[in-house]
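In what comes next, chain A is part of two complexes: it sits with chain B in the first one and with chain C in the second one.
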Partner chain A sequence: MLPFILKRLGLALLVALTVSFISFSLLFLSGDPAAALAGETASGEDVEALRRLYGFDRPMLVQYGEWLFSALRGDFGESYYFKLPVAGLIAERLQVTMILGVCGILFALLTAVPLGVVAAIRPNSLIDRVALFLSVAGQAMPSFWFGLILIVVFAIQLGWLPPSGAATWRHFIMPTIVLGYYAMPAIMRLTRAGMLDVLNSDFIRTARAKGAGEGRVLFKHALRNAIIPVVSLAAVQMGFMLGGSIVVESVFALHGAGFLAWESIARNDLPTVQALILVFSMFYIVFTFLADVLNAWLDPRMRSS
Partner chain B sequence: MTEHAFTRSLLVAAVLTSGAAMPALADKASDTLNVAFTKELENVDSYFNSSREGVVMQRAVWDGLIYRDPETNEYIGNLATSWEWIDDTTLEFKLREGVTFHNGEPFNADDVVFTVNYVANEENGVKTQRNVNWMKSAEKIDDYTVRILLKDKFPAAIEFLSGPVSMYPNEYYAEVGPSGMGLKPVGTGPYKVTEVVPGQHFVLEKNENYYDSPKGQPTVGKIDIRTIPDVNTQMAELFSGSLDLIWQVPADQAEKLGQMGQFTVANESTMRVGYLQMDAAGRSGADNPFTNAKVREAVNYAINREELVQALLKGSSQVINTPCFPSQFGCAQDVTTYDYNPEKAKELLAEAGYPDGFSTEFYAYRDRQYAEAIASYLNAIGIETDFKMLQYSALRELNMKGEVPLSFQTWGSYSINDASAMVSQFFKHGSLDSTRDDEVLDWLNVADSSTNPDERIEYYTKALKKITGEAYWAPMFSYNTNYVFTGDVNYTPTADEVLRFVDMSWN
Partner chain C sequence: MTDAADPLSQEIHGPTPRQILRMRAFGHKGLLFGLIVVGLLVLIALFAPVLAPHDPYAQSLMNRMVPPVFMGGSWEHPLGTDHLGRDYLSRLIYGARVSLLIGSIAALISGLIGTTMGVCAGYFGGKVDAFVTFLINVRLAMPVVLVALAVVAILGGSLTVVVCVLGLLLWDRFAVVMRASTLQVSRRDYVAAAQVIGASTPRILLTEIMPNIFNNLIVVITLEMAHAILLEAALSFLGLGVQPPTPSWGLMVSEGKNMMLFEPWLVLIPGAVLFVLVLAINLMGDGLRDVTAPEGRS
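Coming up: the complex of A and B.
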């Protein structure tokens, strides 16, 4: 098991390196960072001075090597925009994103898995139809739209919740629902399909035949098998939520890491974008890794492979 | 992502039809005015940002030596009580006594000397060099007398000293530098900063010991500024009572908010001018049609600017005929103007050898709807446009390389009320000059450096007459901005796009 984990970790590191190199190359090609840094009011001479100051006139490989060397020591440089250390900036913004991501995925799992199970037990029932409607609506509705509808209803008309910001836990209710709702349909449909599949399989019939209780059949035998692909999916969704909650963060004025990434791209704030890409790709890698471990625990057959 | 006109309409409509009871505002009771910024401010230190939000903070937290009354445009002493030109490149100031910074440090000549010497040194990396690079250094005469030495003759010095150049506490700034100043700003201004979450949240409190400044005394106790990137969310916050004032509100929304009755909607012009830049110098290829003056005139005649202003920009926007904003010193208005005349435009195109028109790349970096409207006017006279919307920095880069035949551009002059801030920026053979007219260059050199106001006006007028006569640009319109605030707030916005918290009070 240990060599397997080490091998996986080594692979993960290589993936992260590759991602960072590709993104660095793309950013390098995307435009003149000096012009963006200088801002609208600067003259051509200001831009030239900045280009020299930041060393944008040097070869790309030299710039990448320098960045990587510092990054390995935990120094991601200083944000061109905020003139503050990138590491601190990201750490601060990640808090909001983490809270939102964890709440979002929990909300999605806690609603989608039970709904999926119920829908599978009673296919084509009213509950199944409602669940189907919810998932179609969830896939079809853009997050910013859903977010605004919630704001109009719960913040303006009913006045129950604050419209935006991150000051208290109440501020996170609507963003959690919007973000979680987006991930919900896929999890629910996968749970339903998996459950239907498993419930029709031989070993479930055997379990029922030997007289196991319905609850035991459903949760110990069926769900445990049906949930395996859901775990993998949820891991990917979690990665998506941490890196891709840009729209939700923007609508609810939550200054998280996703929003920071979006803004930093527009501002050509290369050190921040670089570090964020690395952090986000690490999230995907770590969650995929954790999902594998969790699946191995759920399904003994995976442990040997 | 942030500009969904349809969604915004829905939001207002939903609120209007629901008859939602607006919650009573608790903020007046707690003497806190809640304001939204749209963009994340990079650094509160005013020398290290180049955004509008930064100017707003600068005017609240710091003071300059001189103050320009936004109504009368008259220069009044602020941290200086008087000033005089010793010679063409030396300004002497008598400083106000008894002023202290927010941290208790007394203000005197040492602060001026330190600030000027720090910002004028290019190595310290002040973001907008043009604001400070005309100063060479400063020297102390005595505790309350100081001289600023200029690199060269620079008649707009007084305007800059009343605008972007503000005075910093020498001991504190030497210790903390720009990033420390950005996190814990210290100035002499009417408001002191009590909280900074970079880019997100700023809290200002009334400076109880504010000296007798021409800015006036602050009345609102606390200003709470949050960055809310989405205009829809800003409006939701306004409806729910957790914001008291929003600004830079799009025209269509401002109109609807005005109709609701419970908000004050004020519209004021800004110095930002929109214009078409044409490659008259032929940098993007010598065969480029815009090297022909008749084509450039045709472009000027082709666009119904009156209609653009009335239908799209609305408010206090106006048609602009010059490559500068009319209120700017030296921005003469007795120039060649081009009224909407598509027939004449077609004739001119035919005379220029393009009876069937031609096709060109057309670039823009903001306000897609304005650019598209302009493109449709050009299409109507036979100029086919291959429209490309780019990021500002990308377009600027192309422009500096001279690869842009036609583009819709805007310039805000950094709210500097002097024509040099715009004309001289673009017609002095710099990398952004698409015309390269030697005569214009010579005239602007005289106008920019003369200390005789009449001579300045004379030479700016010459340059502007040539620029408009040759139709080098097609100036379009000025921008405006909408301020929307609750009935509790009493405020009259000024024409320079600067929110002045010191002028706000409760009704």
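Coming up: the complex of A and C.
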């Protein structure tokens, strides 16, 4: 188990390092960052002064090294727009995004897994068809449009829920549904396929033959095996969802990290954008690492591959 | 001796693989629905100048936010007009061009990158495979929407930039699927045979491997096209994709958002069209996968 964890950890670190380099080099995509920062009306001297102030005149790799070591200490520099430390800004906004992400993945799992299980137990039944319809529709649903429809129906027409903001738990209901629905189809399909696969296997037949109750067969024997790949997928989806929260947060005006990303991109606030890309990537890397370790623990065969 | 009595010739005269494929395709409702809807939208996009009743860019401040015909409007503007008095139907029709163009070119670029990576990884294995797998991991760790938004914002939003950014970002599924398919195919005897008779590596890749993973490639191309179309709409909705006055469905939803309280159809119509297009492309992709799969699920 330990060699597997170490090997996997090494990979995670290497991926994190590469991502950090890519998000750092975004700064240089625009050509001259000092000129971009100074604006079009700035004189050559102003640009020069800014270049020295932010250290853009040094080799890129030196700047990257410095940025990376500050980032490791939790210092992402100062936001061009807010004139505040980026780390503090993100930490403050991350709470809303985390709540949204956790609620979203819980919503997705709590709807997708039961639906997938029932659909697999009764293939081609009404529930199977409903589940299939929900997943096909979910994959084609533009999340910003779905969010706006929910606002029109539940906030404007019916007046049941607040349309935007993050003041109470009721503000999180619609964003949770939109974000969760985005992750639901994949989880449901995998649960259904996994359950179908397991239910046809020999050990289930054996369990039934030795007289185990149907509930015991389904939950203790089948679901436990079918759920293993779902754990990995949920971790991957959770990572995607945090990145995807940028759309949902802007629809519902939830002032989380995704909203911050949108604001800072629109304002060319590159230190904040770089830090956010890195933070969102780190979440994905950590989630998938934990999922792989959990999987290796649940299923010894995975440790060798 | 008659043909019917000979078991060997009966086997030969059974349906050919192509006939089986056609029979499966015509029996697959999802695939048929997808093909018909996508085909229609492609035709609409191609013949937009003929079909559009008005110039999609022509503003008319006297005719702002005319409701669609089913909400008390007139046939002059069947789907009404937007906040600048531009004909909504014409903008929707031209919007199909934007979506389909971005979707197909982005899928083509990412398909080229991802397939090259995946086939190389699957065929050569070892260090090449490890490197490609690593690149896939890096790509998956990057938040697509965020990176795409940031790059588009830095380089400036235009059709070309959006297409290139999406094309350079969405190759991951191609690489994953093509790698797995190549791994499977390259273990077959005919590949070994080609190697034994001394065929060059490019020849083996192009004439032995590629034709046998082509079905999977088509499936991924359709699914990634849908993905690219959804992402373009999201970027344009956030104001950092295709720029006004270009008619993009995502942008139309975003422009209608401010009037949503009074005129919800401004948001409902372009979003619904987007939903139907993506749904149809996905159903087409899923259908193609079912029909071409050797065991023929469906």
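The working rule: the second predicted complex is superposed on the first by the 257 of 305 C-alpha atoms of A that agree within 3 Å, B and C clash if a C-alpha of one lies under 4 Å from a C-alpha of the other, contacts with A are read in each partner's own complex, and residues count from 1 in each chain.
Here is the rule we go by: a residue touches a chain if its C-beta (ideal position, glycine included) is under 8 Å from a C-beta of that chain, and two chains touch if they have at least 3 such contacts.
Computed from a prediction, not measured in an experiment: that's the story for all the values here.
Q: Does chain B (first) or chain C (second) touch A:Leu68, or do both, or does neither?
A: neither
Q: Report for A:Met98: first if it touches chain B alone, second if chain C alone, otherwise both or neither.
A: Neither partner.
Q: Determine, under the contact definition given at the top, whether A:Leu26 touches first (chain B), second (chain C), both, or neither.
A: second
Q: Touch check for A:Phe252: first (chain B), second (chain C), both, or neither?
A: First partner only, chain B.
Q: So, does A:Asn268 touch the first partner chain B, the second partner chain C, both, or neither?
A: Both: A:Asn268 reaches chain B and chain C.
Q: In the overlay, answer first, second, both or neither for which of chain B and chain C A:Ala35 touches.
A: It touches chain B, and chain C stays clear.
Q: After superposition on the shared chain, which partner residues are touched by A:Pro162: those of chain B (first), chain C (second), both, or neither?
A: It touches chain B, and chain C stays clear.
Q: Tell me which partner A:Phe82 touches in the superposition: chain B (first), chain C (second), both or neither.
A: It touches chain B, and chain C stays clear.
Q: Per the contact definition in the header, classify A:Glu45: touching chain B only (first), chain C only (second), both, or neither.
A: first
Q: Which parts of chain A are touched by chain B and by chain C alike?
A: 144-145, 148, 151-152, 156, 246-247, 250, 266, 268
Q: So in the complex, the part of chain B that touches chain A is made up of which residues?
A: Within the complex, chain B touches chain A at residues 1-2, 4, 7, 10-11, 14-15, 18, 20, 23, 40, 42-43, 48, 50-51, 122, 125, 127-130, 178-179, 182, 197-200, 226-230, 232-233, 236-237, 239-240, 242, 391-394, 396-397, 400, 412, 414, 425, 430-432.
Q: Which residues of chain A touch chain B in their complex?
A: 31-33, 35-36, 38-47, 49, 53, 81-84, 89, 144-145, 148, 151-152, 155-157, 159, 162-165, 246-247, 250-253, 255, 259, 263, 266, 268
Q: Flag every residue of chain A that touches chain C in the complex, lowest number first.
A: 11, 14-16, 18-19, 22-23, 26, 29-30, 136-137, 139-145, 148-149, 151-152, 156, 236, 239-240, 242-244, 246-247, 250, 261-262, 265-266, 268, 273, 276-277, 280-281, 284-285, 288
Q: Applying the document's contact rule, which stretches of chain C touch chain A when the two form their complex?
A: Residue positions touching the partner: 134, 137-138, 140-147, 149-151, 153-155, 226, 230, 233-234, 237-240, 250, 253, 257, 260-261, 264, 267-268, 271, 274-276, 278-279, 282-283, 286.
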